[in-house]
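Every chain is named by a letter (A, B, C and D) in the order it is written, and numbering of its residues begins at 1.
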Amino acid sequence: MIKIGILGGSGYTAMELIKILLRHPEVEITCLTTRQETKLHVSEVHPQLAGMLDLRLLPLSASEVAEQCDCVFSCLPHAASASAIHEIIAGGTRVIDFSADYRIWDAELYEQWYQVTHPDPDRLGEVPYGLPELFRDKIRNSQVVANPGCYPTSAILAMAPLVRHSVVDPNSIIFDSKSGVSGAGRNPKLMTHYPECNESIAAYAVGQHRHTPEISQILGSLLSPNTQSNQMANVIFTPHLVPMDRGILTTGYARLAGSDFTAEDAIELFRNDYADEPFVQIVNKPPKTKDVTHTNGCHICVKVVGDYIITLSVIDNLIKGASGAAVQNMNLMFGFDETTALR
Amino acid sequence: MIKIGILGGSGYTAMELIKILLRHPEVEITCLTTRQETKLHVSEVHPQLAGMLDLRLLPLSASEVAEQCDCVFSCLPHAASASAIHEIIAGGTRVIDFSADYRIWDAELYEQWYQVTHPDPDRLGEVPYGLPELFRDKIRNSQVVANPGCYPTSAILAMAPLVRHSVVDPNSIIFDSKSGVSGAGRNPKLMTHYPECNESIAAYAVGQHRHTPEISQILGSLLSPNTQSNQMANVIFTPHLVPMDRGILTTGYARLAGSDFTAEDAIELFRNDYADEPFVQIVNKPPKTKDVTHTNGCHICVKVVGDYIITLSVIDNLIKGASGAAVQNMNLMFGFDETTALR
Amino acid sequence: MIKIGILGGSGYTAMELIKILLRHPEVEITCLTTRQETKLHVSEVHPQLAGMLDLRLLPLSASEVAEQCDCVFSCLPHAASASAIHEIIAGGTRVIDFSADYRIWDAELYEQWYQVTHPDPDRLGEVPYGLPELFRDKIRNSQVVANPGCYPTSAILAMAPLVRHSVVDPNSIIFDSKSGVSGAGRNPKLMTHYPECNESIAAYAVGQHRHTPEISQILGSLLSPNTQSNQMANVIFTPHLVPMDRGILTTGYARLAGSDFTAEDAIELFRNDYADEPFVQIVNKPPKTKDVTHTNGCHICVKVVGDYIITLSVIDNLIKGASGAAVQNMNLMFGFDETTALR
Amino acid sequence: MIKIGILGGSGYTAMELIKILLRHPEVEITCLTTRQETKLHVSEVHPQLAGMLDLRLLPLSASEVAEQCDCVFSCLPHAASASAIHEIIAGGTRVIDFSADYRIWDAELYEQWYQVTHPDPDRLGEVPYGLPELFRDKIRNSQVVANPGCYPTSAILAMAPLVRHSVVDPNSIIFDSKSGVSGAGRNPKLMTHYPECNESIAAYAVGQHRHTPEISQILGSLLSPNTQSNQMANVIFTPHLVPMDRGILTTGYARLAGSDFTAEDAIELFRNDYADEPFVQIVNKPPKTKDVTHTNGCHICVKVVGDYIITLSVIDNLIKGASGAAVQNMNLMFGFDETTALR
């Protein structure tokens, strides 16, 4: 049994993470921290967990958690997360970071988008990007893993085969993403107040969402895969808030590089690239987010329309887009079957 | 053209009120106040009003508003509202109060439920309860009207004929009410954060909701209608939050006083009592809240099951339950056709 | 490994059942039947199952299924279900019946409410009502179990301790239930067409819902628990359709038999009665349906208001109200840990 | 008072049309037809209209309606609509057609997308496309008007200024549209069954939606505005179904033709082009569909990101996208103020 600590236990990703870990036969959750009201029983914060986990959220420091645990999941905000992780890893504890802190490989780019000085810049570029479908081997051997953003997971999985095989112009890619509201976190604000966002859809952060450089960097890295280069694909990314709890649909558009590429070619390409992936399914009909909510799956459909290829990919933002992916990474890091607790 | 002022212009009831008043040929909105961020254009606070009303929300005092207006709608919180109204009416301006301040006729009862000293206790019992279906004549001749609560409107209209005609035991009445989330106002809080209340229903304030004494008082007054007595009907009232924007369904249960009262009798009783009411419809099938949302209507259905009568009544909480009723009251107070701007 | 067959595999309860059984280490799903379009792969009917189960829905007869399976779940409509079960049990296969066919112990009462002659009346009253919290021992030893209705599960669990201990007047009980739309099944009809039921709540089948006699019978049986008597509790039951996928909240009202029973007494009574139940939690705050959706849990809260006791109970209609309960029953019948695959 | 007939009165667009027309001081609804169950009172089909309109739906022929009415709105399906209209117009009655029959100016193109022979091909190209913002003068003088599709209205209004002024490459345009479910009509089917489409988003008809040629044709016509030419803009159009009743958001992407065009230029261009339009608002923040639902407004926001321009436009699919636009067209055709009944 490995001992698990969770930093920042009051949000939605922490709750989903706990639910998944409770089904995992090889782990035991031993501490949950919070920076908010403390000493609350976990069932007071998350009534769904009543009768399932008997722990309180405590104001523990990162080093206190590190001492008690073999594996720490950090659900802290960016910057705070890297500071805590910097402290934790000295003792050998392994870490999966939900924040964006180690996703961007270039400190300058990070600082440009996150408007903060990176607290641990030396590790940037060494921490693998925790998308097992692209970086499985690196993840296995790393002490720290940067868990991907929810939008990037849906976007990258949908476009990676096309970029890697040079089927599309990497500078023509547009991602139009639609997300459930849980992606905005658990802090009440006007945008996510029920009567404001219910029965309504809107774009937000047009041209400015922080997941943009993450997508550009990872797709760019596929253009010259042998180096963890900083070549970027110039993507347009527009997120939208949809009146539903969870799920992301990303509709991807890219101009075909050549004219003789058919829908059948596309489907075959995807089926080959993802043949051994336990959580990626290539489907024939446009997938609904509901096909994958409450699972770690990603369903992808590809269509050719004129000289464009259109990709449709769905995930659960809290699972494959966050906590499920994190446990998948943990499974790889600790040598468990990759699908444990995720089926 | 009468000049209209609105105190507290940033909430949902104010927005609906503005939309209704913009359709009213006899009135002109001349000032909107706010106690929050000021000088915002109304379209910045309520994007729905872009291009429809060119006003800014200003930090005006009650007396400044009174000077500029013939009729003031107060959307202020309780206690603050009565204080403002006390100031306004000296100059002869008429007022419709959305708060609970003048709904309860007994200062002690008010203070027991609202936990605050009433700022204007002498006027209690003189201000009519603004439900035209019960108190039309008093409303016509009053300078101040207490606009009813949303739940009480749905509950009282459904049970009034049964209580008035002594068909049911007045101490056996149970109201199980279901409301859309806009009823909780526009201030973000955890309970109304989208991922908390979406896809979920729950009761709240069980046995403790402040609309309880309002319902008990008005139904009680029907037992001895010639005096504005303080006889109370002992009702049980349980509100529930439903994942929808607007609408209230109140399911009422009351034990029949006699055994020979049929469903047909009930329907006839209701059709007679409400024959001349422009906004009350007696319907045969259980009504949906959607049958009346965005209207000032109240649909009521009655069923007899065993020795109980079950009433089902629906309104739009923001219209018949708030802003529509307020305009209906204004129409009565100023001698306009009662349905102006409400059809 | 026991072999599982499912009769009627295209609906929502079948889908949830499959998802639960796929997590169960002791069982294997070997056949799925349908009376609709056949030979479809299960992932064409339920895209959520893509990559998880490789079976086709076949037009098998009940006896063909019986031959291949150790345990059959029948998701057939009433009457059709009892006919199939009658055929199946001859060979010794065990059956869990989702239909109402064996829930009512009296053929006349069944025929009065279901308007059909019962195809297997002799077995009525011998098949246990599959609510483990009340009938665990009988379930363990039975070849057939009548899986309870979703509304009755939420209603009976909430009121059973009060009826059993004579705390309330059994003829004063009112259940006001609110259900998500999946409870209405998967056949498209106007009532469950999205723009009809979204953003709206309504009662339906007032005084006429078929779950009424089921609730009355089971609560009645608690009044004289030593006989499986036909004493009925006269309950009023009003179901409502709520704009959400899943979940039931039942608000129960009952008049206290005596005047000295407090809220604390009620909570203690419930905590004692359900102390050993793995899936029932007594909670302090009014529970949300979301606290239990996607789980087999039932959360119950009790309040005393005046001389009434109010119970609030929530379940997931598809899990504790259907497929989870069915697997709980299977676990009991086959001697597995009762919670297997249900945590 | 002009007399109004509505062909096909049982759907959502007919209901919204009736609600708008009931507020119009110059018209009177005199007949409603249906091809479904007949002689129903309009309030049985549309409970929202209880007490508002006392008419029954009758199985009248087109010519019977034409005799009784000055203006007919056809809510019939394509092909059936043109057949009826062909009959109606002989007598001089004016017609607004909600179907696609007269929107496409080329019979061959129509037949390719609609898979049916056009019943009245000679009139194609003569009937104006009923988007007042582009074709106001033609609409004023026409006996028949082709009311636009809901998606095309949102797409064309957002991109017209950019195409007309040659700011973007007309063959680089992508429209990613998101619609509420009422757009799919009132006939129950699995795709719009509540538990299927609630809490989920999906694309549909990718590359195949019939609104595609309509958008391409109208935007193409702006390239050489002096001829009603058949030049097409090659657009990519992907519709999505969003879990909400009503509203369309169309996110448009187009590559800028030159590199020196700024966001400020774009905003100025739109403000100029739409300066006199009563129903189009250019807004600074990404609009929500809720900003315009239940109104005839269209809010548009433009952003420049890299060498792309992104347009965000919202309408109510049932009003500006259908019944509001139809009344706007009627107002033009009969010389009423264009905004009557639409504010």
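Note that contacts are C-beta pairs under 8 Å (C-beta built on N, C-alpha and C of every residue); 3 or more make two chains touch, one makes a residue touch a chain.
What you see is a predicted model; the values in this text were computed from it and never measured.
Undergrad: Most remote chain relative to subunit A, going by C-alpha centroids?
TA: Most remote chain from subunit A, centroid-wise, comes out as B.
Undergrad: Quick check on subunit B against subunit C: do more than half of the interface residue numbers occur in both copies, making it same, or fewer, making it different?
TA: Same-residue interface.
Undergrad: Between A-D and B-D, which chain pair is linked by the larger number of C-beta contacts?
TA: By the number of C-beta pairs in contact, the winner is A-D.
Undergrad: Between subunit B and subunit D, what is the gap in Å from one C-alpha centre to the other?
TA: A distance of 37 Å separates the two centres.
Undergrad: Please tell me the distance, in whole Å, between the geometric centres of subunit A and subunit D computed from their C-alpha atoms.
TA: 39
Undergrad: Quick check on subunit B: which residues sit in contact with 2+ other chains?
TA: Residues 180, 197-199, 243-246, 287-288, 290.
Undergrad: Contact residues on subunit C for subunit A in the complex?
TA: Subunit C residues touching subunit A: 22-23, 47-48, 50-52, 199, 281, 283, 285, 287-288, 290-292, 294-295, 297, 299, 343.
Undergrad: Which residues of subunit B touch subunit C in the complex?
TA: Answer in residue numbers: 174, 176, 178, 180, 196-204, 206-207, 234, 236, 238, 240, 242-247, 249, 251, 253, 286-290, 293, 303-306, 308, 310, 312, 314.
Undergrad: Touching residues of subunit A toward subunit B in the complex: what are they?
TA: Subunit A reaches subunit B through residues 12, 180-182, 186-190, 192-199, 243-246.
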